[in-house]
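The same chain A turns up in both complexes below, where it pairs with chain B and then with chain C.
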Partner chain A sequence: MNAVGAGLGVALLLALAAAVAAPLAPRTARPAVAGAGTALCGAAAVLAGVAALAGQRLTVELPGVLPLTGLTITVDALGGLFLAVVGAVAVATGIYAIGYGGPDGRGVQAALPLFVASMLLVPVAGNVGGFLLCWELMALTSLLLVAAEHRRRDEVASAARWYAVMTHVGFVAILIGLVVLAGHAVDDSFPALRSAGAQLEPATAGLVFVLTLVGFASKAGIVPLHAWLPRAHPEAPSHVSALMSAAMVTLGVYGIVRVGFDLLGGGTPWWWVLVLLLGAVSAVYGILQAAIATDLKALLACSTTENMGIVLVGVGAAGMFAGAGNLLLAGLALTAALLHVGNHSAFKTLLFLAAGSVLHATGTRDLDALGGLRAGMPVTTAAFGLGALSASALPLGAAFVSEWLLLQALVHGLAVGGVATAIVMPLAVATVALTAGLAVAAFVKAFGVGFLARPRSAAAARAHESPPTMLAGMAVAGVACAALALAPALVLPAVGRVGGALFGAADPLAAGLLVVRLQGFTGSLSPLLVAGAVLVGTAAVALGARLLAARSRDRTAVRLWDCGAGPLSARMEYTATSFAQPLQRVFDDVVRPEQDVDVTHHRESQYLVDAVRYRLRVPDRLEHGLYRPVLTAVAAWGRLGARLATGSIHLYLGYGFVAVCGLMVLLVAIR
Partner chain B sequence: MVLDLWRRIRRVGTSAEPPPPRPVADRPDRAVELGGSVQLRHVDAGSCNGCEIEIGSAFGPVYDAERYGARLVASPRHADALLVTGAVTRNMREPLRRTYQAVPEPKLVVAVGDCARNCGVFAGAYGVAGAVGDVVPVDLEVPGCPPRPEAIVEALRTLTGR
Partner chain C sequence: MSVAGITVALVQAVVVLVGSPLLLGIMRQVRARLEGRAGAGVLQPWRDLRKLMRKQPLTPRGTTEVFRMAPLVLMATTLAVVAVVPFVTTAAVPAAGADLFVVVALLTLGAVALALAGLDTGTAFGGMGASREITILALVEPTLLVGVLALSVPVGSTDLGDIVTSTLRDPGRVITPAHVLAAVALGLAVVAETGRLPVDNPSTHLELTMVHEAMVLEYAGPDLALVELASAMRLTVFLGLWATLFAPWGIAGTTGPGAVALGVAVFAVKVTALGAGLAGAEVFLAKLRLFRTPELLAGSFVLALLAVVASFFFG
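Take a look at the complex of A and B:
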């Protein structure tokens, strides 16, 4: 047994042990047991993933685990990458969960390590049966965790229902797709599927791909299957939100890459144009929703849709380049996408943990009621600031490196030729650029309105720093963000090998510690030098301003100009709603906000205004248009069915009798 | 077409009224420091808005105070001088004082109209705190109820020295 097997085995055993020990522990110790077990399990998984990325392989057959198909564990480089990502997220969230408290029921505490264990098994499952089992286990444990606080708030139950339905619709699509594929293979192991996938007719292969794409896209929160994300993420406990948004959602990308590139062997170009377009629409729509959101965690959830969209743009571009025969460029695009998966996991973990810390301290997620947290929660503020910087694709942030790589791949992709590339690539570049700009607006809003200025509510004014274990969890994620931003060379060679290996091409880039250089194209970036230049420039400006100020004489301190009227109050500050208002106006046709103004006149005279009420709601327009008709139809169907169920036991027995008789007749007729 | 426009601008420009002769009053010392360009913040301390109409007229196309280097701005932080109208009411006493504090040095105050100079017909009224000079130091006064735009322009030209 090599390091991969040892790490994975230890991780799974630790998770199981924590799942057993947590319910048995006394109530106050439960979060500590579950959290510590999760963190250790994650650490072991990171070791296993790193070993797999370094080139170690593992194949274990466990025929007794699952009837009929058994469970095969196969760890390759791609699986190892996702193993490491999920493990790393689990380390940070596990440490954080120790101090977070939250619901301490037995089932919920046992579900946390089980959720992590099932997420670790998904990227290493090597046969259809095992993969589907782990996928479903992941959905069920996460559903338990989403519903954890259903006794405290009514919205939780609704969010959990949405999540349950969406994830299971996705599961059914994946199930059908993979079973159709397995039907053409000798057995259901991935190597057999690989050889069957290569010989599949284009129509069947397309059907399999589209079905699995629907399932995986619903897990990745891709538009129009994103409806569960802004519901379930805010309502789940914050460390669970972090696990779901940073780890589980990325497994949707894993599924698309595994089935599309590995099992089906790349397929036809229209698949990847579809993936790219879905990604582009998700990226813009997601960040637009994030930019106008006022709920801190819903904002982060919408940003997850955006980031998965960017990843799918990279994946789709890689598929198009591979179809056109340019394997080097395909490797580069996929490397950018996979690096962005890692970066997104790092900063989204950090952001969700910081948002959880805010929720823990103030009891609210509403940005319009926050503000001024810098004084009471300096560490959380710094953590959220680092996460926001990383998420907004600016230099010094992690996403800058991966989005730069992605833009390089898209721009160089124009040279590939072909009508589809000529149309799609400029659009994709514009999409990524627009998304990056909107992301800056969204995160400036989240950070500026949420943490700076003055507190807008009593709860925000009383905010206090979270316990040390929560801060430690944020610190782990923060260190990962900083490392990925400043020294992407630590992970880029390994990620590049994954991208290259899938297409059988050479490494798409040479990553020195200082400079990342593209292979075969002109283009290089030095994150460390850029960071140094920005820091030195900022320090020089600050120092210069201070020196100039020190030289000028006759300085008097005067009060802040408040129009002479009296002290400025928190009510005069920009709120999240007012900050987003210009953007909302610009994109009026896309987001279609509903607003109305009610003016109540004074009883004595209609010239005197008694009260003005302004209401603004920004409903999800896609959801409105797509889901409402389906829900109405299902409800109508349900009412129709309810007529059969009158409550009479005789009638029900009669149904059973008629059904059995019908079956007998049918059997007689066809035999 | 463009040349035609230029010709018209040239013709209209030369057909404007010549400016009246320079005022003879002494420039305050601090106004000399400003070097001929004076940015003004107008404060209505309790005026009946008669003076405001005349100020608007002074900055209109007929009297065009801006050609002498005076300009109205939107914040005391941008201003060199305050243009205060009206008797200072109790509600405006503190805001006027704060506005004066917000103007960077060197700063000047012009009291426009009889009310600003000595409370005019409102002297002794229950809501009146006093004339502008009772609240902030006044450098220049423009008499009249309301003062004519020529008088306002003359006072502003005394500040700018043009």
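Take a look at the complex of A and C:
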């Protein structure tokens, strides 16, 4: 058995052991047992993933695990990449979970390591039966975790219902798609599917792809199947949000890449135009919702939709380039997308964990009630700042590297595929650019309003720093963010090989520690030099300013400019709502905010105003337009059915009798 | 980076550092003369900076490190851009770093630092300025990057050195539809990014209209001097970038002292001419309402998109 097998085996055993031990442990020790088990399991998985990325392969057949199909474990480079990503997220969240507390019921604590184990199994499952089993296990364990706090808050139950329905609609779509594909193959193993996929008729292949795309997109939170994200992520315990948003969601991308490029062999260009357009719409819509959100965790959830959208733009572009015959460029676009998956996992883990600490300390997620956390929670503030920088595609941040690679692929791809790419690529660049701009707005808001300035509520003023294990979890994610931002060369060669290998092309880039250089195109980036230049520049300017300001060097604290009218109160501060108001107004037609102004007049005269009440709600418009009719139709169908079910046993027996008779008549008629 | 490269970077930094307040002075003087005023003289911005540097550094209560670091980061990002952009010579562009996307993102980083500082003060003015600045920033970004795309498609690279060299080699490109459209689009983006009329009025302190000034209202003394100097440098850098991309003539091809001196002189002339033109145009312009600005930026975005299409079909 090689390192991959050993790592994966140890990871799964640790997860199982933790899942058994956590419910048996005393109540106070349960989070520690579950968290430590999860972290160790994640660490072993990271080792297995790294070994797989280094070139080791593993195939294990376990025929007895599942009836009829058995379970095949196949680890290749693509699976190894996602194994490493999920494992790394599990390390940070596991450590964090030790001190987070939260719900300590037996089932919930056992579900955490099981959730991680099922997520580790999804990218290594090598047959349809096994894949679907792991996929469903992942959905169920995460559902348990989302619903963990349902006794405390009513919204949790609603969020869990949304999540359950959406994830199962997706599951059914994937199930049908993969079963249709497996129907054309000799058995349900992935190699058999691969050879069957190559000979499939375009129409059938298209059907398989679209069905699986629907399922995987619903998991990845792609518009219009994103409705569960801004519900489930905020209501779940924060370390679970981190696991879901940074690890589980990325497995949707894994599914699209695995089925589209690997099993179906690339297919026809319109598939990838569809993927790219879905990604573009998701990116802009997601970040727009994030930019006007006032719930800190909902903002992060919307940003997940945005980032998965960017990843799908890369995946779609890769498919278009591969269809046009430019495999090198396809490899570059896919590398950019996969690197963005890793970057997103790192910064989203950090951001959700930091948001969890804020929730832990203040009891609120409402940005309008936060602020001034720098004084009480310096480490969390620094962690969130680093995460926000990484998320907003600015230099010194992790997302900048992957978005730069993506932009390079789009720029060089303009002339590759004729008119189709010439129309799609500029729009894709514009999408990425608008997304980058709005991401800056969203994260400046989250960090500037949520953490800086003065407290906007008593809870925020009393905020205190989290326990050391939570800080340690954030530190792990923070180090990953910094490493990915400054030295992407640590992971880029491996990611590039995955991207290149899928298309049978050479490595799309040469990554030295200092300079990342594109292969076959001109273009190079040096994140370390850029960071060095900014840091050295800052130090030099600080020194120069100190030398020049010769007189009176000591800083004096003074009061803020208050027009001489006495100290400013917290109510005079800009809030998240007011910060986002210009953007909300600019995109009025897209977001359609609902505003109510109630003016209560004075009893004596209608010219005198007694009170003004202003209420602003920004509903998710897509959800409004798409889900409301479906939900109404389902409810109407249910009411119709209810009329038949009166509670009378005789009537029900009568239905049965009529149905059987009808069936008989039908059989006689068609035989 | 070679010794010559470092020397050129230092020369560019010094030229921009010393020259940008003068540019501001010239622009104010042009405006004053056109409006029938005498004006305070070209050196007035430098006098203001000297006065501010001598004052005591003040920190408003309740602000964090973000407030104190923001002017430094703003200045540092601007200097980093100045060091890599081939304003003076194309021979010393570093191998990695002079990428147009990196340059745009670095300039954005500086603006973000200042916006965070505005929010950090916790005053209504700071928040208002930051909110408006970030809104404009988010809407300018698509124009900037699509404009970059239009320029880099014919060259096959987003490297500034490559773009400038190829335009110098093929001067006819400047009058192609793609180039002209991109020039107009990026020109509007530059006006928005540097906070000039009609997007923002740099000489107003009226709360209804302030954008940049509202954000930096709490700064005083040496901090304010840094912010003012960095803002002037950003104006120079944006105008210089525009000139470098659309009128690259006079940029030296070697790093000899004579060539660099000529390059510096031509750069100064180009930026001064652009600045004077901008100031002259501002006399005839009124500030747009904040909520009319997106229309202007959407227009510039459409132009940038047309430029890409033109570069594909005619380029």
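Assume the second predicted complex is superposed on the first by the 633 of 671 C-alpha atoms of A that agree within 3 Å, B and C clash if a C-alpha of one lies under 4 Å from a C-alpha of the other, contacts with A are read in each partner's own complex, and residues count from 1 in each chain.
One rule holds for everything that comes next: contacts are C-beta pairs under 8 Å (C-beta built on N, C-alpha and C of every residue); 3 or more make two chains touch, one makes a residue touch a chain.
Everything quoted here is computed from the prediction, not taken from an experiment.
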Next on the checklist: A:602 in the overlay: touching chain B, chain C, both, or neither? Say first, second, both or neither.
Outcome noted: neither
Checklist entry - With the two structures laid over each other on chain A, which partner does A:564 touch: chain B (first), chain C (second), both, or neither? => result first
Checklist entry - So, A:106: does it touch chain B (first), chain C (second), both, or neither? => result neither
Next on the checklist: Going by the contact rule set out at the top, does A:592 touch chain B (first), chain C (second), both, or neither?
Outcome noted: neither
Checklist entry - Now for A:524: first (chain B), second (chain C), both, or neither, which partner does it touch? => result second
Checklist entry - Given the touch rule stated above, what does A:153 touch, chain B (first), chain C (second), both, or neither? => result neither
Item to check | Winner by number of chain A residues touched, once chain B and chain C are compared | outcome: C
Checklist entry - Looking at the overlay, what does A:628 touch: chain B (first), chain C (second), both, or neither? => result neither
Item to check | Doubly contacted chain A residues - partners chain C and chain B | outcome: 554, 558-559, 561-562
Item to check | chain A-facing residues of chain B, complex | outcome: 75-77, 94-96, 98-99, 101-102, 105
Next on the checklist: Could you list, by residue number, the parts of chain A that touch chain B in their complex?
Outcome noted: 554, 558-559, 561-565
Checklist outcome for this item: Within their complex, chain C touches chain A through residues 53-54, 56-62, 64, 66, 69, 72-73, 75-77, 79-80, 83, 94-97, 99, 101-102, 105-106, 108-109, 112, 115-116, 118-128, 130-132, 134-135, 137-142, 144-146, 149, 152-153, 156-159, 162, 217-218, 221-222, 225-226, 290-291, 294, 301, 305, 308-309, 312-313
Checklist entry - What residues on chain A touch chain C, complex-wise? => result 291, 371-372, 374, 392-396, 400, 404, 407-408, 410-412, 414-415, 422, 426-427, 429-430, 432-434, 436-438, 440-441, 444-445, 447-449, 452-454, 514-517, 521-526, 529-530, 533-538, 540-542, 545, 548-562, 568, 570, 572-574, 578-583, 585-586
